[in-house]
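Which chain is which? They are A, B, C, D and E, in the order written, and residues in each are numbered from 1.
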Amino acid sequence: MEWVLFALIALPLGTTLVFMLIPSRYSQLVRYTALAAAAAMFLMSLLVFIRYEFEGGSGLRFDLQLDWLENIAFLGENGITLHLAVDGIAAPMVLLTGIVILAGVFISWNIDYRNKDYFILLFALVAGVFGVFVSQDLFFLFFFYEVAVLPMYLLIAVWGASSNFGTFVRTKEYGAMKLVLYLVAGSVLIFIAIFATFTEAGQGTFDLPVLGEATYGETFQKTFFPFYMIGFGILAGLWPFHTWSPDGHVAAPTAVSMLHAGVLMKLGAFGILRVGIGLFPEGAQFWSPVLMTLGVTGALYGAVSALGQKDLKYMVGYSSVSHMGFVMMGLASMNSIGVTGAVLQMFAHGVMTALMFANVGAVYDQTHTRDMTAFGGLANKMPRHTAFWTIAGLSSLGLPGLAGFIAEIHIFVGTFQAGYYWAGALGILAAAITATYILRMLASAYFGPFNERWASLKEMRFREQSASVLLIFFIVFMGMWPKPFIDRISETVNNLPGIG
Amino acid sequence: MIPIENFLVLSAILFSLGMYGVLARRSAILIIMSVELMLQAVSINFIAFAVFLYPDQFRGLIFAIFVITIAAAEVGLALAIVLRLFRNRATANVDEVDILKW
Amino acid sequence: MTYEEGIFYVVAVVTVAGALGVVLARSVVHAALFLILALLSVAAVFILLSAEFLAIVQVLIYGGAVTILVLFAMMLTRVRDLPQPSDGAQRPFAALAAGAFLGISVLAAVATDWPGETEKITVVTLNELGEALFRTWAIPFEIASLVLLVALIGGIILARSEEGE
Amino acid sequence: MDDLNLQWSLLAPEYILVGWAGMVVLLDLFWGGLRKDQLGYVAAAGALAATLVSLIWINDDTDFANLIQINNYTTLFRVFFGLIGFFAILASARYVRDRLLHAGEYYALILLAVVGANGMAASGELLTAYVSLELLSFSLYVLVSFAKFDHRSNEGGLKYMLLGAFSSAILLYGIGLIYGVTGSTHFAEIGAQLTGDTSSFDMALFLGLALIIAGLGFKVAAVPFHMWTPDAYEGAPLPVTALVAAISKAAGFALFLKLFAEAFLPLLDEWRLFIAVLAAATMILGNLVAIQQHNIKRLLAYSSIGQVGFLLVGIAALSPEAGSALVLHLVGYVITNLAAFVCVIIFYNWTGKEEIEEYAGLAERAPFVALSLSVALFSLAGMPLFAGFATKFILFQAAAQEDLLWLAGVAVLMSFVSLYYYLTIVRQMYLGKPEEETRFPTPWLEYGVLATLVAGVFLVGLYPQPLFDVVEQGTAVIFSGSQAAGAVGKP
Amino acid sequence: MGEVWLIPAIPAAAFVALLLFGKYLPRRGDWLAIGAIAASFVIFFPVLIDLLDNLDQPDFTGGGRAWEWVSLDAFNIQLGFHVDQLTIVMLAVVSFVALMVQVYSVAYMRGDPRYGWYFAMMSFFAAAMLTLVLADNLLLLYVAWEGVGFGSYILIGFWHERRSAAEAAKKAFITTRIGDVGLLIGIILLWREAGTFDISEIFEFAEGGGYSAEYLTLAVLLLFAGAVGKSAQFPLHVWLPDAMEGPTPVSALIHAATMVVAGIYLVARMLPLFELADPVALSVVTAIGLTTVMMSVTMGLTATDIKRVIAYSTLNSLGLMMVALGSGSVTAAMLYLFAHAFFKALLFLSAGSIIHATERQDLTELGGLSSKMPVTSVVFGIGALSMAGIFPLAGFWAKDEILNVSGDNQNWVVYVFMMLSVFITALYMTRLFVRTFTGRPRNHHAQEHAHDAEPMMTVPLLLLAALTLVGGFVAFGSVGEALGFPGGFGEFVFLEEAEAFHFPWDVAILSTLIAIGGIAAGVYFWSGEAAPARRAAQSLRPVYRTLANNYYLDDAYQWVINHVVLAGGAVIGWFDRNVVNDTAVDGSAGLGVFAGFGMKFLETGKLPNYALAISLGVIVISIVFLVVSV
């Protein structure tokens, strides 16, 4: 079974090559190739999730190690290896990626302008994402991290949309440039921290398990944990380094927003957990109050800003900031409940925000506006679409029975258990505010008397519906039966260093 | 006998004067001349070291020979370029050639 | 002070004077003439260092070839018509820099106690020199010839006027 | 001073190059029928031949008259320079045919430049090194001003030439002082001399060292000795720019590394900080100013200055690890840079334009070139999948190993800055609207060259192990001596 | 009988089935929903019997059973069910009223485009409410609690094309949600110390003195916040009157049986903790309850929408229950809840048939319907009298009980206010009845076709009316024993010790007199052309307007929302865009660009400058070298 992780990375990359061979005029062929590849990825990720065996504590599953660079310069045995494996944290993330890319391909179906190049970049991005989640080597984790960021630029700048909000304008070039530069700026910090880590560890290898064994001075940990925290945090939308995210969403094409908010932002949180906390538990302990504060601030701030938005994508973008704030709270709680909750939230938010963007895209394609006040009573024309929206919204406001609740309750409980009463309380308040803006949006855009201006509106296309249904299935599944997720995650989390 | 320092100081003076020339002069030809002065200083250095300190291997002398040779070639090439410049732009003043900047 | 020292100082003063002329003379032609002076006196310095062979080389290559070349160039570029003065705007900085460097290098020259014999000159015979030059130092010699070749090619290509010029 | 090894065959590659250069000139003179680009292919064959021949001495370790050392280091760089010449010539063929006079001399000069570069890498002694350096520089002076009637080429050549002479005078003065205090010009002997107590002649020694740093700094274009670079690059005919960017830097660093590893390593702790500061200044200035450029040649010039800063990191962190990392990055960088320049050349051959705005919509008109250029630029910015990421990562890690984490940090920050201006080019190509929709004609040869280089970029980026093995064997030898002296890196 | 879980499970299953296949079923599957809730109602009896058989066992859980849902060391959520006397009462009420309402709905909702969807949601709502009642741990209770909230959101906004409905649904959900913030925090606080969500275990822990007094007080008050939201107590009561936008049966279900009493149930359930906590906790409960009572009764005087008036009466009742709980008497509260369920459902459903018949629901357009709708008028009258607390209707006994306990356990102020509320209640219920059924029709053509509704709707009315008549007697010990209970209601449902039914005549007579007085006054004021009422309104104009505008509370909240919350959102949004992003982020980027702009002018293009740079470089390096190294 080891091959499966390698295949997860190789398949998208290979597909990009296949795309290059297809003459660009066969756009339909391109689409079906993409669909086939995405389906394959989805199935493989599902396989990874299901076939995850439970013996062996924190042990890595599907462990595969390919030499890349070793016995050279400062690199010793296994200096840098393509070390692929999943643990209980990575497994749900892999699944998430599989889900979102499949849905994303469905949503991208109606892209006509140079769709071949579009899919090439999209799949390169996905390869990077898979790579980050399954890498057990610090070098490759970072390698794939950048791979995942870079294609964003063209994806947004070429296929995105500029929008004019009257008082201000956000061009797609701006959004794309800011997004990429901001994220790479974050990786600068990571870069530095990695150098320091390797030197301090003195193991002559970037292999994460080995680095995990190494001992790091306490001051060293305290010094360099913030590098990881902020460096990865930027990608995770950590307040106040989040502004790339809403603008990026507004500029990005639908599927890219889905991947970006659904998966890419998770890379950041994942990095903090896997690298930051995994290597520097004491540093994490030391900085957790800060992380908690930032997380709570982000959660509230994002929710309140979302409350102030008229543009659907801005609203969802800020809600992402808010929800990633919850993830940060979970991580900062530094106990198994909270951290498990954080990972759950990563999955839950990934699925539901992807669903939200899919819906925004569906209505934007037809109306070419995202101003919620311009709509009204769309439920009459698009009942299913409305239902999807409602489910996504309810999940994000933490309605029991949907994914969001499971994740958030863990986070809140964890936060309280860690003794951050104020933080927990504010977090729960933020969840209530979430309810406010979600329901306001639904009430103004989808309910109430129908706005005749949209008389020509049609229900979502079948492909879009199937994408939504796919996502909803997992929202409900996790909401109803979270055990499979919790078991996998908590098993690993409990074995993390410094998680009490 | 004359101590080595004298020669070294002399070469230092020559070199500095050459440097001044390069920095201060406008005409490319004058700059080339100044460079020649600097190279003279270098040769004096080399020879002095060779004959005073390391006469057994006298690499300095060899060095000096090559310095002179190459200096000559340098002058030739440089002048050719200056000439070309003059043909193109009717000037040999280096501060007038600044289309390339920023 | 011995007579050798006397000679040295005379030569040195002439050399410096020539150099000063090169860098200060208002007319390029004068500068060129000063250069010749400086070069010849440097040749004299070589003799004082009992490196006669180099002195000869110096006189031949510089006193001959180079200066002639320079003068030719001046005629070709009619530098006489160049607007005066021939000094650039950054003269003070130049003086400053040169002065600073002078200080440093003189300091280095004086403050260092040079290893080995610093008072007595050992004469190197011409045959030793030739021997070394063509045996030990054959490689640089060959490369140097290539350098000259390149300079030659460059000179020809750049200097000669194409048809239609 | 007897029993020197005078086995001339050791110099076969250089003889081949020189001979070939002469042949090319003569062909040009006496065979009018030969098309100028075909002449180029002949010359390229020469470079290739020399490269192949130099492979004979793999794992050999001998020297010619104590001046030229033939060992893995030399072989590595002979091959490297040979290939640079090869690709440069191929890339120039069409350009020379359409835009330059004296094709024969042009190619001959490139070949001679390669000879000079080989000399710099091979020589174990200052005089030889200096003469080779001048050979390289002279060839480049001429080549830069090769477009006789182009004022910019002319001006670039003038500045390059005069400043070059000035700086080599400074370099010589430094060499003189070093010679004065150590009594030798052989790297190894100098190193041996400096291992002991140097306090008696520190003055001259450090002045000399400073001057040598300045002189070499000029050749590799380190701030503040870099100022000729943008002008020379912009002025020179495009293929020459490519050549200068590649070979003068490569050779400069070959010498820099060898000299400092074999001769000045004992003084490491004295000069490390200076080089580090130079490196920082270089990368900061290069990358920040590059943001402001609108001419692609000038932009690449500044970006190359930035790259010099990164390479200097390797010198600052001088250690066997850093040495090999430096060479690795050097190779990766040169390949990438050549790829970028080939793209620019192709575009110039089509349109005769070199402003960045004019690249608008290139992705529409020539997807392959646009893609390759993007790849090259991202590689320069140090993005993964491409050479830049792996090599930079290892180089900076090496610096971190030597307690230069701050420098590594600056370097990473600056390569992040560089991403910005590379992206602006990518934006032009992919977002700009082309003035006309028609596809450009396909120049197969250039595309072939480009494809090879891009493949190289990916190879180095995705699996550097073989290259790294070679590089490490190459650099091991230059540290062997000092390791004996027990002065490698820090305790 | 260990299958308690079936009671919520069956409606839940029905919901899923309807959701998936509803549109393919005959009659859109309404029979399925009704069948499901009926089944639950049937299963209720064995459970009841089972409980009665085992009353003596202290640790009897009524055949509850638990599945692990979420489990992670200290934190685990059980799908656990638990039955005790309290639960049983709630079960009876909920399942029965839900059944009635759904039967009623078949006719009421006939022909609605989303008929099937309606019944699906009804099943969901019932299932959620039953789970809430049966939950044996707080987190499951919270889950069901939220489920109920969601159900109400959908049902209130069922006719979402109506702006008002959409808004009302939103308002209901968000308002209750605000209370839930407190609830969840409270639950987690309780968990953090006790390490369990299981209610009984938490009780044990608390009795063991596990919580410090302040901590416990804080926790229970937070729980109470949840109850305030759900049970529409002041200041979160504003959603309830608007919730009338839903279909009338929904209003009946929400107000009579389920949603709003959830809060009461929660407090009753957790009352032991309130007792253990600082006394201030119970005082808060009383105060809130009393405030609610007084506000609602007064507002009931002026509201003109028939359903609104009933809604205010609901607030009124809920307030009373809270006061009862505040007085520490589960018995009184639950007795009232029990009775209230019937007569309130009755009132709503009959109001529903009025609306159904006249398509009007504004008092100013109704009147004189008694002739046209005799049955309705009668049952409505029964309900109204019960609400007013007239002997011997269910309402009387229940209200009496509350008056007793408040008399015993509260100071006289509370008592006085209670009596006052009794008067006003009677007053506005009379008004409602008089304006609706007596006098001359004010809007003829609205009433031309008005007539009693079809049996499908009247049967539930009659059943409820019957229960309203006799329901109160369960208070009597004898009745209870006759039914197989150990004794009267008080000996069945109690907190510490069973209290046999005692009947202080003074209170009874006093309250009855007051009520009758209220009725008389009402007749005086509003009969005929209601001239006295208008005069009163004239003379007390400011008071009148205040009441008519619900004490301006909605306006105040609206103002806060517009000028604080939304404005805050806009401000933060602006801040984020202009300060955080355009200034901080773009600014720092701009710095780099600007630095480049400055530096590029070093490249003057003049060769001498370049040479100067080189020389200066040389000089600086050498000087530093010489200074540092020599």
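Some points to look at:
As a working rule, a contact is a pair of C-beta atoms (placed from the backbone, for glycine too) under 8 Å apart; a residue touches a chain by one contact, two chains touch by 3 or more.
This is a predicted model, so every value here is computed, not measured.
Chains that touch both subunit B and subunit D: C, E.
Nearest to the common centre of all protein CA atoms is the CA centroid of chain A.
Averaged Cα coordinates give subunit B a centre that lies 6 Å from the centre of subunit C. The mean-CA centres of subunit A and subunit B are about 64 angstrom from one another, to the nearest whole unit. Subunit A and subunit E have Cα centroids lying 37 Å from one another. Look at where the CA atoms of subunit D average out and do the same for subunit E: the two points lie 78 Å apart.
Listed for subunit A are residues 181, each touching two or more other chains. Residues of subunit C found to touch two or more other chains are 88, 90, 93-94, 97-98, 101, 104-105, 107-109, 114-116, 132, 137, 140, 144, 147, 150-151, 154, 158, 165. In subunit B, the residues that reach two or more other chains under the touch definition are 15, 18-19, 22-26, 31-32, 49, 53-54, 62, 66, 70, 73-74, 77, 81-82, 84, 94-95, 97-102. Pairs of chains that satisfy the touch definition comprise A-D, A-E, B-C, B-D, B-E, C-D, C-E, D-E.
Residues 320-321, 324-325, 378, 383-385, 389-390, 393-394, 396-401, 405, 408-409, 412-413, 416, 419-420, 423, 426-427, 430-431, 463-465, 468-469, 472 of subunit D touch subunit A in their complex.
Contact residues of subunit A toward subunit E in the complex are 168, 178, 181-182, 240, 243-244, 246-247, 301, 304-309, 314, 318, 336-337, 340, 377, 379-380, 394, 397, 399-401, 405-406, 409-410, 412-414, 416-417, 421, 424-425, 428-429, 431-432, 435-437, 439-440, 442-443, 446-450, 482-483, 486, 490, 494. Chain contact summary for the complex, subunit E toward subunit A: residues 68-75, 139, 142-144, 146-147, 150, 153, 157, 160-163, 165-167, 169-170, 173-174, 177-178, 180-181, 184-185, 188-189, 191-192, 565-566, 568-574, 576-577, 580-581, 584-586, 589.
In the complex of the two chains, the subunit C residues touching subunit E come out as 88, 90, 93-94, 97-98, 100-101, 104, 107-108.
Partner subunit D is touched in their complex by these residues of subunit A: 67-70, 72-74, 139, 143-144, 146-147, 150, 153-154, 157-158, 173, 177, 180-181, 184-185, 187-188, 191-192, 195-196, 198-199.
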